[in-house]
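Handing you a structure now.
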Amino acid sequence: MPYPMIDRRTALLAGAALLGTRPALAQAAADALYGPDDAGARRGGTLTVAIANEPPNLDPFHQAGDARTAVTVLMYQGLMYEHASGTAKPLLAETMAVSDDGLTYTFALRRGVRFHTGQPMTAADVKYSYDYVRNPSNGSPGAADFGAIAGIETPDDHTVVIRLSEPNASLPMTLTNRFGCVVPRDTFANPQARTRLSQQSVGTGPFMLQEFRPQSHIRMARFANYWQSGQPYLDGILFSVQPNAASVLVALRSRRVDLALLARPQDAEQLQGQAGLAINAAPSLRQCSLDLDCNHAQLRDPRVRRAIALSIDKHAVMQAAIGGKGKVLGTIPAAMQESWGAPIDTLPNQRPDAARARALLAEAGLADGFAMDLVSIIGFEWMDPAAVTIAQQLAPLGIRLNIQRVELGVWLNAFRTRNMRFTFNDWGTQPDPHILYYRHFHGAPRGADFRNWNNAEADRLLDAGMATPDPAKRKEAYVAFQRVMDESVPTVMLYSPDLVTVAQARVRNYVQHPTGWWFGLAKAWIAA
Amino acid sequence: MLEAVLRRLGAALITLILATGVVFLVIRAVPGDAIGEMLGQSAGDPAAEAALRTFFGLDRPIWSQYLAWAGDLLRGDLGISMRQGMPVAGIVFDAFLVTLEIGLATLAFAILLGVPLGLAAGARPGGIADMAVEGFTLIGLSAPVFWTGMVLLILADAWLGWAPPLVYTPPDISLSDNLEGILLPVLALGLLQAAAYAQFTRQQSAALLRQDFVRAAAARGLPWRVVFGRHVLRNIAIPLVTYAGLILVQILGGVVVVETLFGIPGLGRTLLAAVQGRDYPVLQGALLLSVVVALLVNLLIDLAYALIDPRVRGA
Amino acid sequence: MRPRLMLLIGCALCAAFLVISLAPGLFAGPPDAVAVARRLEAPSAQFWFGTDESGRDVYARVIHGAGTTLGIVGAAIAIAGLAGGGLGALAGFAGRLPDLALSRMADALLAFPPIILGVVLASTLGSGAVNSVLALSIIYVPVFYRVARAAALMESGRAYVEAARTLGHGEAAVLLRHVLRNVAPVVALQGVILFPLALQIQAALGFLGLGVPPPTPDWGASLQESRNYLTVAPWLATFPGLALLLAALAASLLGRALQARSG
């Protein structure tokens, strides 16, 4: 390994979170939001960050894309924060209390929080924001996540009570920064709201939007009235939009940018030995996977799906796709393996086994193999070498893969209409098993069951995991679910690419969040 | 004369209406829409999807969408980008200015390099200069322009140890950064267009040299320099100027891949992003602009010819 | 250069490309032999053009790519020539309403920059060799249409066509026998002239990822893959690009020579 595998700062951060579970140290946990505080931080300066994946807009309510979330987390905040440790911590809320039946969540709001517009945040703003997201006719991609909420009440200006129609242990994680942002009430009453959100931010976050010029840059400035006093350290951030992975490397080498997250982790090789660049790798919540539409041709037969799973050597695929710079997965993304994953070596279908694969295929009456399309998405570079490798791995089984490339728009259309066939996928999650699995794998109409899996046992376990508040019991349910997934194979999770951040020496105290979003910039500073 | 202009304008208008209609139909035939990107893999709620479709007017029949768009257009409104939420007019105009800068710089380079080469070649057809220039035009016109750009990037790194910023800085922020950013794309495009210019200039001057009045002048014993200077250079100026218009149109249409390679936020990349993101209003606006510019330039060229050449005036 | 010499060189190059396209196996080994151990090796005696990201032989991929790239462009030009040429001849000969309608449609298509039209069409049709052929041919149909129409207009005004008409030959027979016979060479020449342009569009589509899917070797797609290693492994970009240049050059030489001959 050319660079350290364990990110020392992430380890530190996890330690801080553990301490934070003791009530006396609640303040320490709050301080650990976004990353560690730094008493020696120098204030001021603008940090230039390269982004190769540009958000189409900065509307936290109507844009699902990761590129949007990556930058809006600095401008908008939810009641909770998806802590790197995998638990939700209070952010705009000060405390959270859950009723015994798990149906009522009471949040006491943080005092002295102001929006970028200048007005103070009250319970009515929270109610407005969450009522807006969960109303499907407002067209927010987060609507389904908020579906468990039956009603929101505001007994006073600083208290929000959320009532659920059934227990849902993932509610705190739902109220984090992807779709759980709080904006001033009646923001969307203005018909120009969508246009305005690309020109000025209205959140409570540490940075406010100064200028967004598509295909060029996003400029943010420090929010002077930010509720956490003394934060952030930076005066501003300039996100410089780069046309491709190669230009990010050029910009880092020529010191035109201070910080970048490599889209292709293997590019770290090309930066080795470059003086003044700090390269850091950490496990991510992203997964590169192979999805199997359980309603598509030969894939209807679970034995065929298992035979495919048993023929894939994930290490070889990862080597070809990203030069081996990631973690091979079992049934959960790398950054959640320890907290929520079924131990990979206890899963029976995670190791290549040609004999068993052949036997399963023969049992299914397909001893001579068959031909099938493998769909990859244009613009996702890792999919091309991965497709070639998987085609080679399935060839001995007699499965002849014909690689088909489609545009993202076409692919998303097929995916959402549950017509994905046999395809690559590349997706991320917040660190909660319910958010990760439920929508993708639970049967309709409660889940979206994109893969037409229709597995009653899986549904039962997912419902159990959702309803159980006790973390240990929750994990049990999700481990059992993963065993079903390993056996029935609606998806083959291949690997999580490492989050490789590269920073110039002057960048201090930046800690990469496992989501790949830019939370860490709230605590970063620039050395003189 | 006026009648001819009006007739040309009428034809251009019909072309425009047809062209916008074609793009309206074709882009909607592409599977997937902007809403897919908004919802991503979070989708699952058909109500949210339907609500968005209604919001953007995508639930109406195509002819009604087209009429609405055309109606707004007549009021000078190009609509709002579905992806960016910003007015299309601003997006397209900003992008056009960037591309225009590249286009004009390329044109200047192509003229400064191509015209002298073409004249040198045309002055002595069959001579060494002519052969060399022919070689240059053949290779220049055969090399894919984005590949020329890649080769320039490789050479800049290997010979100068210099890597250009692959992002665009507007000239009002920093002129030097701006020039640094557009240098290689302009060179890549410029080499291609200089080859085209050299070839055109050579053809024109060779054709002039075959004309009777030039031959007669040479036969009268006038020095070659005088013949070339007085008869060829003077007469070649007009076609060369009109050719500039054609080249400019070609550059504006052909920069897509170069802009992608060098990270230039011009009209080409905007169009490409609009196609890929199914941002119908931006795509329509950007195409409309490039078609209008092409039609206008062609019209101007025709008019220029008509004004200069009395034989065309009656036609 | 004299037309004779151009014709000679152009024909020789075209013949060479034709042979390579039809029988790449004679010149290089398999294009898909993956060997991660020898990835990104510089050109050597063993690998003349070096190796790529997956350790595949770049020389073999360039040689095998000829068939894909040139085949797609050739097929597209042929289809566009037949369709555009036929329609153009029809419009030029028939005149009046068909001519007007077709000409306006052609103008509308010609108003778009070809590469943009290519991107839109490739997105609509989807990727793959057949769809690339379709997209490219649609781009060039109006160009052929215009050329054929102009030629047909000229021919149909000629005395012999008038004569044929008065002699009582049916319209169709006249169109077929006289007009097409004289329009066909013009269209064929136009095909040779358009070949290098279509080749560049095909390469650009491949570069944008809209061409043929992997692992099929294709010059434009190879250029796309080379982009991440431009300065680390410059041979990845150099050789497929040179191949494109040579192929376009071959067609240009042939086109110029033929143009000079036909005046």
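The first chain written gets the first letter, and so on, giving A, B and C; residue counts start at 1 in each chain.
By our rule, contacts are C-beta pairs under 8 Å (C-beta built on N, C-alpha and C of every residue); 3 or more make two chains touch, one makes a residue touch a chain.
This is a predicted model, so every value here is computed, not measured.
**Q** Looking at C-alpha means, what's the farthest chain from chain B?
**A** It is A.
**Q** Of the chain pairs A-C and B-C, which one is connected by the greater count of C-beta contacts?
**A** B-C
**Q** Just curious, how far off is chain B from chain A if you go by their C-alpha centres, in Å?
**A** 41
**Q** Between chain A and chain C, what's the gap in Å when you average each chain's C-alpha atoms?
**A** 44
**Q** Using mean CA coordinates as chain centres, what's the gap between chain B and chain C in Å?
**A** Taking the average C-alpha coordinate of chain B and of chain C, the gap between them is 21 Å.
**Q** Please list all residues of chain B that touch 2 or more other chains.
**A** Residues 30, 163, 260-261, 276 of chain B each touch two or more of the other chains.
**Q** Please set out, as single numbers or ranges, the residues of chain C touching at least two other chains.
**A** Residue numbers touching two or more other chains: 123, 227, 230.
**Q** Two-or-more-chain contact residues of chain A, please, as numbers and ranges.
**A** Within chain A, the residues that touch at least two other chains are 244, 246, 379, 407, 409-410.
**Q** Which of the residues in chain B end up touching chain A in this complex?
**A** 30-33, 36-45, 47-49, 51-52, 55, 80, 83-87, 91, 94-95, 163-168, 170, 260-263, 265, 269-270, 273, 276-278
**Q** Would you pull the chain B residues touching chain C in the complex into a rising list?
**A** Contact set of chain B toward chain C: 11, 14-16, 18-19, 21-23, 26-27, 29-30, 131, 134, 138-139, 141-147, 150-151, 153-154, 157-158, 163, 252-254, 256-257, 260-261, 268, 271-272, 275-276, 287, 290-291, 294-295.
**Q** If you look only at chain A, which of its residues touch chain B in the complex?
**A** Result: residues 56-57, 59, 62-65, 136-145, 147, 179, 194-195, 197-199, 213-217, 240-244, 246-247, 250-251, 253-254, 256, 379, 407-416, 425, 427, 439-440, 447-448, 450 of chain A touch chain B.
**Q** For the complex, which residues does chain C have touching chain A?
**A** Those residues of chain C that touch chain A are 32, 34, 36, 53-54, 123, 126-128, 209-210, 213-215, 225, 227-230, 232.
**Q** What residues of chain C sit close enough to touch chain B in their complex?
**A** Contacts found on chain C: 1, 104-105, 107-109, 111-116, 119-121, 123-124, 196, 199-200, 203-204, 207-208, 223, 226-227, 230-231, 234, 237-238, 241, 244-246, 248-249, 252-253.
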